[in-house]
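Order of writing sets the labels: A, B, C and D. Residues in every chain begin at 1.
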Amino acid sequence: MIRKLLVAVLGGAALAASPAFADIKIGTAGPLSNAEALFGTTWQNGMQLAINEANAAGGINGQKLVLVRQDDQGDPKQGTLLAQKFCDDDSILAVIANFNSGVTIPSSDVYNRCGLPQVTNSSNPKVTAAGYDNLFRPIANDFMQGGAPAAYALQTLGAKTTAIVHDKQAFGEGVATVFRQNFEKGGGKVTSYSGVTATDVDFSAVITQLKTENPDIVYYGGTMPGVGLFLKQLRDLGMKSTFFAADPAFLPDLITTAGPANAAGAIVSFQAPPYDANPKLVKFKGDYKKSFNEEPGPYSAYGYNEAAVIIEAMKRAGSGVTRETIVKELRKTKLDGLMGTVEFDDKGELKSPTLFLYKVKDNDFVLEWPKS
Amino acid sequence: MTGFLIQQLVNALTIGAIYALIALGYTMVYGVLRLINFAHSEMFMVGGHVAFFLLAATASLAGGPIGVLVMFAVFVATFVAVGLLGVGIEAAAYRPLRHASRLAPMLSALGVAIILQNVVMLFVSRRPLPFPPFLPAVSFKVFGAVVTLNQIFIVAFAVALMLALAWFVNTTTLGVKIRAVSENPQTAQLLGININMPISLIFFIGPGLGALAGTLYASYYGIVVFSMGFIVGLKAFIAAILGGIGSIPGAMLGGFMLGLLETFGAGLLPMLTHGLIGSEYRDVFAFSVLVLVLIFRPAGFLGEAVTEEGMVYKRDF
Amino acid sequence: MTLRFEGLTKRFGSLVAIDAVDLTFEPGKITSIIGPNGAGKSTLINMCAGSYKVTDGRILLDGVELQRLKKHQIAGHGVARTYQNIRLFDGMTVQQNLEVCLFSSYFGRTFAEVFVPGMSRRLKSERAALCRDALARFGLARFADALAADLSYGNQKLLEIARATMLEPKVLMLDEPAAGLNHGETDCLKETLRSLVPADRVVIIVEHDMSLVMTLSDHIFVLHQGRLLFEGTPAQVQANLAVQEAYLGSPGDVDDIRDAARSRANRVRLRADADIERRGLASV
Amino acid sequence: MAIVAAVVAALFHFVPGLPTYYVRVIDTVLIYLLLAIGLNMVVGYAGLLDLGFVAFYAIGAYSYAILASGQFGIHLPFGLILIIGGALAGVAGVLLGIPVLRLRGDYLAIVTLGFGEIVRLLMNNLVWMTNGPQGISRIDQPFLFGFALKTPRDFFLLLLPLVLVALMLAWRLECSILGLGWAAIREDQDAARGIGINTTLVKLLAFGLSATLGGFAGVIFAGFQRFVDPVSFGFWESLTIVLIIVIGGVGNLVGVVVGAAVLIIVPELLREYSEYRMLLYGCALVVMILVRPGGIVGRRYNPAWIIQKLGWR
């Protein structure tokens, strides 16, 4: 009786989940229905693009690639549940998960237990702390993300003081902390280091406070729409300090939200060179617009890149493509990717992470650093 | 320093006005049905979106400030549209549950909130949409504080709406009916007042005001996004409680008070404690005040006192 | 064993509901408190039961000053009451309504009851046994497993009295027990009440139904505007003119008619109240 | 009796054989069931609406995270922390209970909501202790009686008996004189005082006991995930637990069990609809409530009914 019931209930899920046969599946889990839905969705769109291309080119030795898109709502509990779901599904050979560090850390335990190759988009240094050999991060971690801007601010801009604000989320606080450390190491002075609420829209109180400190730089560690609103109110309240933000802000919406005038001069860090820097990126941007008729999200390029890394590994694994072989091949990755060469060190971190700083100039992001 | 304080005061009043407008919706519904209407926050969000698309339709998104006429046309249309949505939701999701436990409608309201939010996310936009300012970005310097025309307008308009509502409820026949129903539904019913009509009316006005709040909010902060409802809604609800749930002037007072509390928590606490307590303690501060108020004056500031027995309006289940 | 009110006073703001009243209640007797509406009858009961704070004066039960105690402590000292408009535990069965009255005597054993195997069943049947004769005495046995809310109005009144007696009270206060009952119900109520007066129990009744009061009580206090107007046996009360002036307004036999009328009015009113309560106030 | 034993035996024998994902889902159901049993004591039995229950869950979880991780280099055994966490949560429950004794209905609900949020925000802000939004990761592998709790299966074998015991105790409590006292308070607090019930004491017991269960659940959750962060303890979690008991049938343990199963498994079944999932979930909620406002399981189908149907006393 109980048996029947369980089979009925849970079996339902299994059936719904069961794949069209003989496809190679790549799982991905990210926030699709909470406040971060924009990021999660555009990120996964990026992967979809890479996979479509691979399929157009004949797939992996004849087999079609399928992207299984799942919603973890940025919730660790659901992250681990999904991890288990992917682990149990033998047709899933690799995963791109997760988006939020807080989800990746617990889920990586699960993926590691079943030896499923995991490529993550979470930038928190802690993610790779466990040293799992099936976990890879083809993007720069927060050390890079927070470090480079500090160097730029001190050396290029000759800034002396900074006020740092973060949104009390794993990512925002993460990069803010690194920025703070580097800025102080470089001899700069941090006038204040304050947290706001991620869901906030009114920062006027904090900004009014910052005004009394009048720093050269204001660094905001957080995501959209917070960044845009913060920048807007910063200018509305008449603060002239140079504004810094991390890659979630690399989005046209930053300019629309803050208003072109307000946004002008803001510095945003991003890991890819300008979309017009090389033909790959031009094509990517074009294809993305074609397939999803909108501008790529800040993480679309990353998602594309992460998928590409896995597809490469699968290709190299050849006929005997299994989770194990993919892990082996991923380790040997040497891909000239969308955002530069991807190679992993023994911890699965990107060997030579790149970071670019963009300045907002008349409604667009213009490469500011490094000057090529 | 004075500049700093005045600036904070202005900030507080602006956000407070918006809280107050939303709080009205909560408090009116609660006054009559003793229902924590979790869906109200989404009325606010939907309102913002409706206004956005109305403006888009009137091609006023071209940028630059919008004519006053268009502006009020948009306000009225938004009010009506979302008001009707509210009435519909009440009829569909709450009315069938009137005779059920008190928790049931509260949770079905929760379900409605989830639905609205996801519908907007899936079928309207995941992206924050840029919302044009209604007024030119004029700003005045008052004792070193920056006050924008927009801020003045928001506070003035909100207050005007509240006064209008107060007048409506206190003097018109309909208003009196509403009050009767909220005082004591049974007696009202026994007196032969058809309680459905006043209730529907409340579910028209409440969401309507919420929608206007959403519009003001959108134009003030310059965006609308599907996820903007929940937190603001929760805050506004707290405002309603602070002022005295069920009391309309209470909601207004509560809104402005919460605005002040927050600005104080975020702006002054760090300064007074020399960064010992950072701005991240703002909400802790706000919630603590809420808890203390409720413990020592459960009726809030303007609500009429409640006895311990009076707090149980009806079996919870 | 006696219950004494000494200079008992209750003020609501400026209004003096009870004005320095001294009363003594004898055990083994039924004492009725009568008086026109607003005379302060119910206020006395509410003070004695701890529902109202005493403004001034003392309530002495075997030398214990009840007015100093919390409501549940007063009950613990053996003071039980019923309410003017029935207050049962609607969502619980009749059986449970009585069983829960054994709270104070069984609470100490809760831990054992939950954790010791078999204890749960033992204590439960023990309590059931204690409820059984109460159920029998009030003729509620066959409703034992029905929800209190589903009982007829009359039975609800009975259940409330039964609940009060479950506490084995030294003082039993009944607030308008006959209100809203028809004559048949009132008569059997009389019988039941008579059986509730062991030698060591003070029984206090507040009632409008004169026929009931006169036939049932051994002693009567007449309150008027918060003061004791007269006390004595039913005969003395009926004979006393002052009482008739103050309370009945006009002499003799008209009363029964008027009371009958009033009690019917009560019945209607209280039925309505009860119904509304049962439907739940917010059944808007 | 025999039948119950058989069912339990069947579960023990059958569930670990399922694919791990299903076991994990069931584990999640059991953890929420533990929470729901706890909350049901306050809401269902004593009629005190608590919207901040997640606070006790968080306290339990963070006790394990802090006392068994690199955070402070403290590494206490799981069993011990299970007790500590439960106790801490229980104390917190009573401490919350004291100031709100005079509050009921929505007023109580809002204060508890505020309390829950305050706890979450503190977890997010007291970085030195909780590591803030980064959360505490690499929490120790739990060991119990020398057995390592590694896989979802291990946790199932821990959780199932725990939940069964919790259910049994909760039921015995419901039938006990204390349970009746709670019911009396729920029905009419004043009358309850009138029959000699010390409402203060009885209410605090309700708060304390339920919070303790919440604490247990939290400790286990932390051991299960081996990572805690404030995100996992938001207002939404509290609502989910309330939903479980209301959808299932308030005050009825059978309902609570059903509710937990439904509210955890339904979203899992909706997984395949990826981003449409929450929309469907919302619709499901509204429909369920409209169709059965009193909860899926009717009042009369309580454990007593089952016991009787099983012909076991």
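The rule we apply is simple: contacts are C-beta pairs under 8 Å (C-beta built on N, C-alpha and C of every residue); 3 or more make two chains touch, one makes a residue touch a chain.
Predicted model, so just to flag it, every value in this text is computed and none were measured.
Q: When you check each chain against subunit B and subunit C, which touch both of them?
A: Both subunit B and subunit C are touched by D, going by the contact rule given at the top.
Q: What is the identifier of the chain with the smallest separation between its Cα mean and the overall Cα mean?
A: D
Q: Measuring centre to centre, with centres taken as mean CA positions, what chain is farthest from subunit A?
A: C
Q: Can you work out the whole-Å distance between the CA centroids of subunit A and subunit C?
A: 72
Q: Determine the centre-to-centre distance between subunit C and subunit D, using the mean Cα coordinates as centres, and give it in whole Å.
A: The mean C-alpha positions of subunit C and subunit D differ by 42 Å.
Q: At what distance in angstrom does the C-alpha mean of subunit D lie from that of subunit A?
A: The mean C-alpha positions of subunit A and subunit D differ by 34 Å.
Q: Could you give the separation in Å between the centres of subunit B and subunit D, each centre being the mean of its C-alpha atoms?
A: 32
Q: Which residues does subunit A have that touch at least 2 chains other than itself?
A: 33, 37, 41, 168, 195
Q: Would you please write down the residue numbers of subunit C that are in contact with two or more other chains?
A: 91
Q: Scan subunit B for residues touching two or more other chains and write them down.
A: 34, 118, 278, 280, 283, 313, 315
Q: Could you list, by residue number, the parts of subunit A that touch subunit B in their complex?
A: So the residues of subunit A touching subunit B come out as 33-35, 37-38, 41, 168, 192-197, 199-202, 204-206, 208-209, 211-212, 224-225, 228-229, 232, 236-238, 253, 256-259, 294.
Q: Would you tell me which residues of subunit B are touching subunit A in their complex?
A: By the definition above, subunit B touches subunit A via 4, 7-8, 11-12, 14-15, 118, 121, 126-128, 130, 137, 139, 146, 148, 217, 221-223, 225-228, 230-232, 262-263, 265-267, 270-271, 275, 278-280, 282-283.
Q: Which of the residues in subunit D come into contact with subunit C in the complex?
A: Going through subunit D, the ones touching subunit C are 169, 172-173, 175-178, 180-181, 183-184, 186-188, 190-199, 313.
Q: Which of the residues in subunit D end up touching subunit B in this complex?
A: Residues in contact with subunit B: 43-44, 47, 49, 99-100, 102-111, 114-115, 117-118, 121-122, 124-125, 189-190, 235, 239, 242-243, 246-247, 250-251, 275-276, 278-279, 281-286, 289-290, 293-294.
Q: Considering only the defined contacts, which subunit B positions touch subunit D in the complex?
A: Subunit B reaches subunit D through residues 30, 34, 36, 93, 96-97, 100-101, 103-104, 107-108, 110-115, 117-119, 122, 234, 238, 241, 245, 278, 280-281, 283-284, 287-288, 290-291, 294-295, 298, 306, 308-309, 311-313, 315-317.
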